[in-house]
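First chain written, first letter: the chains are A, B, C, D and E, and each begins at residue 1.
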Amino acid sequence: MTQRITVDPITRLEGHGKIEIFLNDEGEVANTYFQIPELRGFERFCVGRPVEEMPLLTNRICGVCPEAHHMAAAKAADAVYHVDPPHTAKMLRELLYSAFYFTDHTTHFYALGGPDFIIGPEAPVAERNILGVIHKVGLEIGGKVIQARKAGHTVVEMIGGRKVHPCTSIPGGLTKGITEDDRKQIEEMGRWAIDFAQFSLKLFNDIVLGNQQYVDLILGDIYTHHTYYMGTVDENNRVNFYNGKVRVVDPDGKEFVRYEPKDYAENIAEHVEPWTYLKFPYLKKIGWKGFVDGKDSGIYCATPLSRLNASDGMATPLAQEEFDRFYKTLGGKPVHQRLATHWARLIELLYAAERWVELATDPEITSPNFHTIPTEKPTEGVGIVEAPRGTLTHHYWTDERGVVTRVNLIVGTTNNYAPISMSINKAASSLIKKGTVVTEGMLNMVEMAFRAYDPCFGCATHSLPGQMPLEVTIRDAKGEPVEVLKQNC
Amino acid sequence: MTQSFEPVIIGFTCNWCSYRAADLAGTARIKYPPNVRLIRLMCSGRLDPTFVFKALANGADGVMITGCHPGECHYIEQNYKALRRFQLMRRTLQGFGIDPARIRLVWASAAEGARFASEVASFVEEVRALGPLNWGKNGSVPARAAEAAMEKEEVPA
Amino acid sequence: MTAKPKFAMYWAASCGGCEIAVLNIHEKILDVDANFDVVFWPVAMDAKYKDVEAMEDGSILLTLFNGGIRNDENEHIAKLLRKKSKILVAFGSCANEGCIPGLANLSNSHEIVETAFNTISTDNPNKVYPMASYSMPEGEIHIPTILPVLKTLDQVVDVDYYMPGCPPESHQIEAVVDLVVKVLQGKAQLPPKGSVIGAGNSTVCDECQRARNVKTIKSFERIWGVAPDPALCLLEQGIPCNGPATRSGCNARCPTAGAQCIGCYGPAEGVVDYGARLVSAFASVIDAKEPEEIDAILDGLVDPTGQFYRFNLAGSLLRAAAPAWKAESTHEKEKA
Amino acid sequence: MSDYILYPGCSMEASARAYYDSLKAISKPLGLNLREIEDWNCCGATEYLSVSKTPAYALIARNLALASNQANETHSVVAPCSACYLNLAKADYYMREQPKLGKTVNEALAAGNLHYVPGSLDIRHLLDVIVYDIGLDSVEKKVVQPLTGLRVVPYLGCMVPRPDYDHHWSDHEFPVELDFLLKVLGADVVDYPLKTECCGGHMPQISPSTAFEMLRRLISTADERDGDVMVTICPMCQLNIDGYQGEMNQFFGTNYHMPILFFTQLMGLAFGIEPKELGFGLELVSARNVLDTLGVKAPPETPPAPPRRPRKPEGLPMPTPLTKPQIEALKKEVVK
Amino acid sequence: MTDNIENTSPSDAQEKIGVYVCHCGTNIAGVVDVVQVANWAAQSLKHRGVVIAREYKFMCSSPGQDLIEKDIKELGLNRVIVAACSPHLHEKTFRTACANAGLNPYLCEMVSIREQVSWVHTDKVAATEKAKAAISGGVERVRHHVPLQPIIVPINPATLIVGGGIAGIQSALEIADAGFHVYLVEREPSIGGHMAQFDKTFPTLDCSACILTPKMNSVGTHPNITLLTWSEVEKVDGYVGNFSVTVRKKARKVDEELCTGCGICQEKCPKKVIDNVFEAGLGYRKAIYTPSPQSVPNRPVIDVPNCTYYEKGTCKACDIFCAPKAIRFDQEDQILTLNVGNIILATGYELFDARRIPNYGYGRLPNVFTSLEIERLTNAAGPTNGNVVMRDGKTTPKTVGIIHCVGSRDKNYNNYCSVICCMQSLKFAHLVHERTGAQVYNFYIDIRAAFKDYDEFYQRVLDEGTMFVRGKVAEVTDVPRNENERGKLIIQVEDTLVGKQRRIPVDMVILSAGLEPRKDSKEVAKTFGISCSVNGWFIEKHPKLDPIATMTEGIFIAGCAQGPKDIPASVAQGAAAAARVLGRIEQKEMALEPVRASVIEEKCSGCRICNGLCPFNAITFHEDRMVTEINPALCQGCGTCVAACPAGAITGTGFSNDQIMAQIEGLLMMNIEPEAVTA
């Protein structure tokens, strides 16, 4: 008899992605489908708008990482007008972006991903939220976390004009610069941010690495996939969020390709399945081989872990130390265990903080020369940044008035759609065996499988990071539910 | 479009010239199609684009805006504002996929009853040719006044 | 179950910025926690739809609903939460007026899907498009249907309060939280139903510090094409700033940062159609009398419809462009 | 180079050769580019319409249909012959005014796969084109041999100015275009009140006595006013006055010698074109005297300086006739 | 989003609306099924507050008005809709009716189903449906009406009169005699207008000068009249009761104070100029001149373009001989500002330019004259001292032809009848015959001799043996067809009474040219903010009921500026205009329609979009509070700023957004229950 397990968000009628698990007669997992039920159509309705509005429109693709879209769009718009923004403008943008990274990683570690470890996978889900964290780690740390997010957002607002959905990037640079007072304040916050990042790493050390059960969990096979890894690197192949070339390494960690953003289309293609609104990107040169990992499958991964795997190191000293320790502990590059992503994310957190201070202390940062007026005829342009959840690509075509005629977007999480699906499949298959009774423990495991990716379907659709509350319905052949399990009953 | 389709047109007139032109058409018994329903404003400068969008959204197939001839405005030059708004409105409506020909601007002095009538006639024909706009029937919010009488979400018949 | 009043927050077709904005009230979030029993807030905690369904009608005191109604799921939840909530707040631009995703109403849903699944990087030779229900070898699987026209919350259910902004500014959210807490403590009264909360009554210019003179527009400029005077009204410098028509409450963030207001706070108090106000205002101050001159100046506005309805399209009088309506009417027929 | 479609009409190639030749001769200096309608047919002159309406109109409309096929950047059809001009204009006008007629005529044309959209062509007489399109100023520029001292009698005949469907003429009872044109050529223009009187048309065949009386009036008046030559724009008039002048003299026992030329011939002379190129000598009443006048007349010596103080004017002052621009101005007043 | 219609719409309970549908005899009832309309309104609009709907033969009749008043009192109506003629006709009537019943008059709304429905449509069903829609619109609109109080403005007792012809003179004297100040502005050097050029006036044949000159003098000497000749109005600001008028007083080059009007300068001036104005081109004047000896003021002006001094810098004859040394070659134009409460426009007419009909030969044939020329010719003070002679200045005509309707009643020129030509032609017939004994022919279309004693005069002229030929003259030619035509002017005409063509040889032809508006009448209308007919005549407020006022409060019209009319009519209208103004002045203040814009301060963001939009400078910006304010006294209620305000912070009383939006819904039948619509 065939069983069908529907792993569904709070309700089938709610659009947060859903998982279908089909069991075969042996009661083992025959197949899983991870569906994304939303589409807002930015590619369509951005057409006809002036290109300088794209940083403002695409902001609204995702309120969690609007800064990423703002930057990618701004860079694409620069390219459309063939204009190179002044040094100061670029630094300001990257400064804003580093501060954003800091906030975003903090949010994920403490509010979304972290709770699994801080509070424990077995803990009641009701507590596994930012409030729960605060309760658990105590108000003092909770306060720190809140302050961290505040700091990041303050910088975003000072440079980007607004906390959420910044508005200052335009073709050729920015609409405003910063004053010396701003700079001082930013530097101060940056120094605090470094301390906070180190504190967070320590916390991870104590709570996670200090706990053999967790270490085993991380190193366990359930959460391991051998895929390609993608990340943006500077000229020295060190991790960079704002600028550089896109580098892909193969499952053995060898460089597979290192391309200019504008050449993305030669390297990336997207596969379509009729049962979901999200596309599956893969390495064009290798091709789509279905949901399988390994060297012969075009499936790649773009996460903090991937970025580390795809790079030769970090561009800042403290982060570099952590980088080395990371691979030492986990047995060399590349690391395939998905749960290690949480650690990698904290290393990026530290890097972001250090970069923040670097830029804030650059004498040029307060220069009034923050905009170059475009003079070229607008045509076409690609802009790429590293969004926290993966390489983000914006590609625009315009008419001679600079009005958008065509848009292509490959957003952070989309890169990881295929790997996430595989992780779910693997987790499910290895957890659900013939005769086993599905427990909410299992579900948490399955949930953790993809929470590691910090998937942000807001970017492609609209659901929010990591939140994938589950409910399992086991149905008999007639589709009648025989047992309903909830995650935290 | 079939002859059976009778367009509904909302016309805005200014108190001094075009409304009087309409009156004159009446006193002179000049006939024109009954499809236009007039609203009197003090001046074409009073014309708020909201009125036009409202009319189109609520079931009108066309909107006719009339005023004194340029340079003959009772309020000196306010009809130029109407002209500018008209031109921007046309562009905006285009973006909505509404044929700009569905709104027409007509200058008619108080003496031009015949002109007023013939403009109405030709506009009615033009809109008839364009066919029904059906915006109101396409699920736009029922006018507030009608909501009392209508089930929420119900579209007006 | 505690005796605390129940609080819920939900997002439909939105970007999540509203949730972030709420998280951005930082310490204030603890007040929410202290005063409310958060029964349903997917971003911050897990809860079960079944539980919500199980609740008795009107048992949730306050629901902040953000996001537009893009698919049949959104619509279903909106109606459910309306049933269960005493006070339903349209929270953020999407729920109020459709926001940027509302621009999708300029095209029909088929065009949207086709465009998204035929980009240069998409490998889709057989023109495969997502389907509401699709049968795999193992069995049928379903995804929600996209509605032809994105709707605002008050176009599908009755709304008690409107809180505009994309996203609402944190200081405004704080103010509202304060108010609600006061009300709970019986120290304040709720505003009349249907009113806009967490925003001003005037427009952005009211909070904008830029100097301004009697307005005449001789030409429209592109924000990247000029080096604007940082102290002077942007519109006077030809930059199409929506500030004059956009509800105040954001402290004129964008103009202050040298960027034109794009109108995320929607129309001012009592205004029926946001775009119409701008059409009228911009046109009124154009410095030309001859149709040709006027056209020449208007050519500087490359995207009038987008300019005037960037956030407000779904909430405007016309609400959507002809193609979307065509799809809608066929959709209606299919439903019938 | 101004482009026109030419409808020559039958007479141009026979009785009015001089007209055609001179027209060809002056087109070059005037920059007139005339493209003849291919396969044009007779306009039916004056009779056909009075015999049977529909076929007559169809006959004319055929030419219009052919012309509109030829029309590209220009939509102006030029007819030098008055009868042709009148008929073409008439057909166009009535097909416009009476849709029923337009329909039947087009049905008839359909037989030859032809169709004419009334009003799609602009039907003009040659004089109209020269005076208003080319313009008197540019004509004046071309004058090398002013017709100084030549007393010219401007005679239009009855068909061109009336009924003037599309308001081409300064006045349909007393048009002054020809007068002004001849003045520009340097001629001494006789005030000729009979300029739009009928020349008798086909009367010579029907009732010679009537015809001769009509001719006598025209010729005697021209003679009494010391005209050296009559100038016309109509082949019919030219034929009558030239061809029947002898018989008329016999009939009344008079001895008038009043040559009549086409205005294009005098333009040619003024432009310094060889007389034979202009069809001189084809006329029956020799216009030799014209050439002589111009030949023998020495260039006018500078007129004597006016007396220091004007003499005390005699009698009552008298208003001066309106000039062309004045008429235009007044006409504009009337229009509106 | 929030639609303010709902917020501000009074709840249904409050509305008690009465709908009154007028038959207007058969004017409306003949096309619109008024009974059906009334019943429909009573049923389908019940839920919108309609408590009663009646139809009645003549709503405007007192029984009709009583109906309304009764219902207001008995049914407690608080809104009234009258579906009848144009509000421009009877809005006042019904508002007054409401006021009488104690209802604020502005809670009454008129719906035009006559001018805009029954008179322009033939399809009865469609017309009836349209009438319903119109009423539905009116009902929705009136629900949003609020009680208003008229705006009271003080009336400045001074009056401006433009044009010193007989109409203007009459108005001026009436007002001045009543003891109020008048500014009389005249473009020419003297007042008097066309009438001063005439010799006799029909039908009484009393001497024009004898009756006009005294009036002119009393204007010149009247203590209450400031006479500004050789002056023109350039700009008019303000509004009724409080106009501020800019006048250019052209430089006379003569000091009016010093000048005694002795006339020596004119005598001595060596430069003779054809006088195209006063002498109608038939006589001469000097380069320094007064139009006539009777000129008021009797002060000459220097015709600068023709004056030798300005041409060559020499001569100065006038200056040399002027005893009081009043010549001021360096005198400059003066700009005066006059503050007045009311304005009367009496700018008169211009004679049709007969040269536009070339086949009548004027300007080509010496002995063709125009009416105005003949006026001068017959005038004892004219160039020939009243001798009617031909162009040569000596020969007396033996036969004279007078052609009527020259340029009038002719689709090629002016369609309208110039009113005075018939009588004027008869006058000429009489005068010419009397002075020369010549045989006179009149060529006419119809003889229009309406009004007192006119037809009697026609009979008299007939009895004098004047020939009358009914027919429009084809042409006047000097081309003879036989010997007895030689040397004559031949009038070619179809005698429509006997139905044959005639050629009548005469010595002299008189063209009774029609009247046309002043060439600049459109500019003048613009300056004063009133409207012109297509021809250029000023448009009166109502062709029958108010031929004196204009659409612009405080501006009246008199004389031929409003349309062709003869002297008695001009005088009557001048006096009537004066009476209207005096009435205003006596009231000291007047009530204006409370149609005004106002700013809701808390909504105003001070964006200053509206600041540049008001041509009446009613909008001011307060830098301190950063808000805009509208001065209700200056506001004319056009509503342009209301429509322009991006914040929706400006409201317009009488024409508010609510009212218009509601009316749109009504007109589109959005307010009817679905079933009612289908029904």
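The definition used in the following text is that a contact is a pair of C-beta atoms (placed from the backbone, for glycine too) under 8 Å apart; a residue touches a chain by one contact, two chains touch by 3 or more.
What you see is a predicted model, and the numbers here were worked out from it, not measured in a lab.
Enquirer: Count the smallest number of chain-to-chain hops linking chain A with chain B, moving only between touching chains.
Expert: Contact-graph shortest path, chain A to chain B, evaluates to 2.
Enquirer: Where the centre of all protein Cα atoms falls, which chain's Cα centre is nearest to that point?
Expert: If we average C-alpha coordinates per chain, B lands closest to the whole-structure average.
Enquirer: Among the chains, which is located farthest from chain C on the basis of C-alpha centroids?
Expert: D
Enquirer: Please find the two chains that have the most C-beta pairs touching each other.
Expert: The largest set of C-beta contacts joins the chains A-C.
Enquirer: Quick one: which chain's Cα centre is the longest way from chain B's?
Expert: So the chain farthest away from chain B turns out to be A.
Enquirer: Distance-wise, how many Å sit between the C-alpha centres of chain B and chain D, to the nearest whole number?
Expert: Each chain's C-alpha centroid was found; their separation is 49 Å.
Enquirer: Indicate the whole-number Å distance between the mean C-alpha point of chain C and the mean C-alpha point of chain E.
Expert: Roughly 56 Å, centre to centre.
Enquirer: Roughly how many whole angstrom separate the Cα centroids of chain C and chain D?
Expert: A distance of 74 Å separates the two centres.
Enquirer: If you average the CA atoms of chain B and of chain C, how far apart do the two points sit, in angstrom?
Expert: 31
Enquirer: Please output the residue numbers of chain D that touch at least 2 other chains, ranges allowed.
Expert: none
Enquirer: Counting only residues that touch at least 2 other chains, which ones in chain E make the list?
Expert: Expected reply: 3, 5-6, 534, 613, 640, 643-644, 657, 661.
Enquirer: Spell out, as numbers or ranges, the residues of chain C touching 2 or more other chains.
Expert: 106, 272, 277, 280, 284, 303, 306 - these are the residues of chain C that touch more than one other chain.
Enquirer: Provide the full list of chain pairs in touch.
Expert: A-C, B-C, B-E, C-E, D-E
Enquirer: Quick one: in the complex, what on chain B touches chain E?
Expert: Chain B residues touching chain E: 6, 8, 10, 16-17, 19-20, 22-23, 25-27, 29-34, 37-43, 45-51, 54-55, 58-60, 68, 71-72, 74-78, 81, 85, 109-112, 117, 136, 141-150, 154, 156-157.
Enquirer: If you look only at chain C, which of its residues touch chain A in the complex?
Expert: Residue list for chain C touching chain A: 11-21, 23-24, 26-27, 29-30, 33, 38, 42-50, 52, 67, 70-74, 76-77, 99-101, 103-104, 106-107, 109, 111-113, 115-117, 119-124, 128-131, 134, 136-139, 141-144, 146, 166-167, 170, 222-227, 230, 253-254, 256-259, 262, 264, 302-303, 306, 310.
Enquirer: Please output the residues of chain E touching chain B within their complex, sorted ascending.
Expert: 3, 5-6, 9, 12, 47-48, 86-88, 112, 114-117, 119-123, 126-127, 129-130, 133-134, 137, 140, 522, 525-526, 529, 531-534, 539, 551-552, 595, 613, 615-616, 636-640, 642-644, 652, 654-655, 657, 660-674, 677-678
Enquirer: Which of the residues in chain B come into contact with chain C in the complex?
Expert: Listed in rising order, the residues of chain B that touch chain C are 48-50, 52-54, 56-57, 70, 77, 80-81, 83-85, 87-89, 91-92, 94-98, 134-135, 137-141, 152-153.
Enquirer: Which chain C residues qualify as touching chain B in the complex?
Expert: 106, 149, 155-156, 158, 272-273, 275-277, 279-280, 282-284, 286, 288-289, 291, 294-295, 298, 301, 303-306, 308-309, 316-323, 325, 328-329, 332
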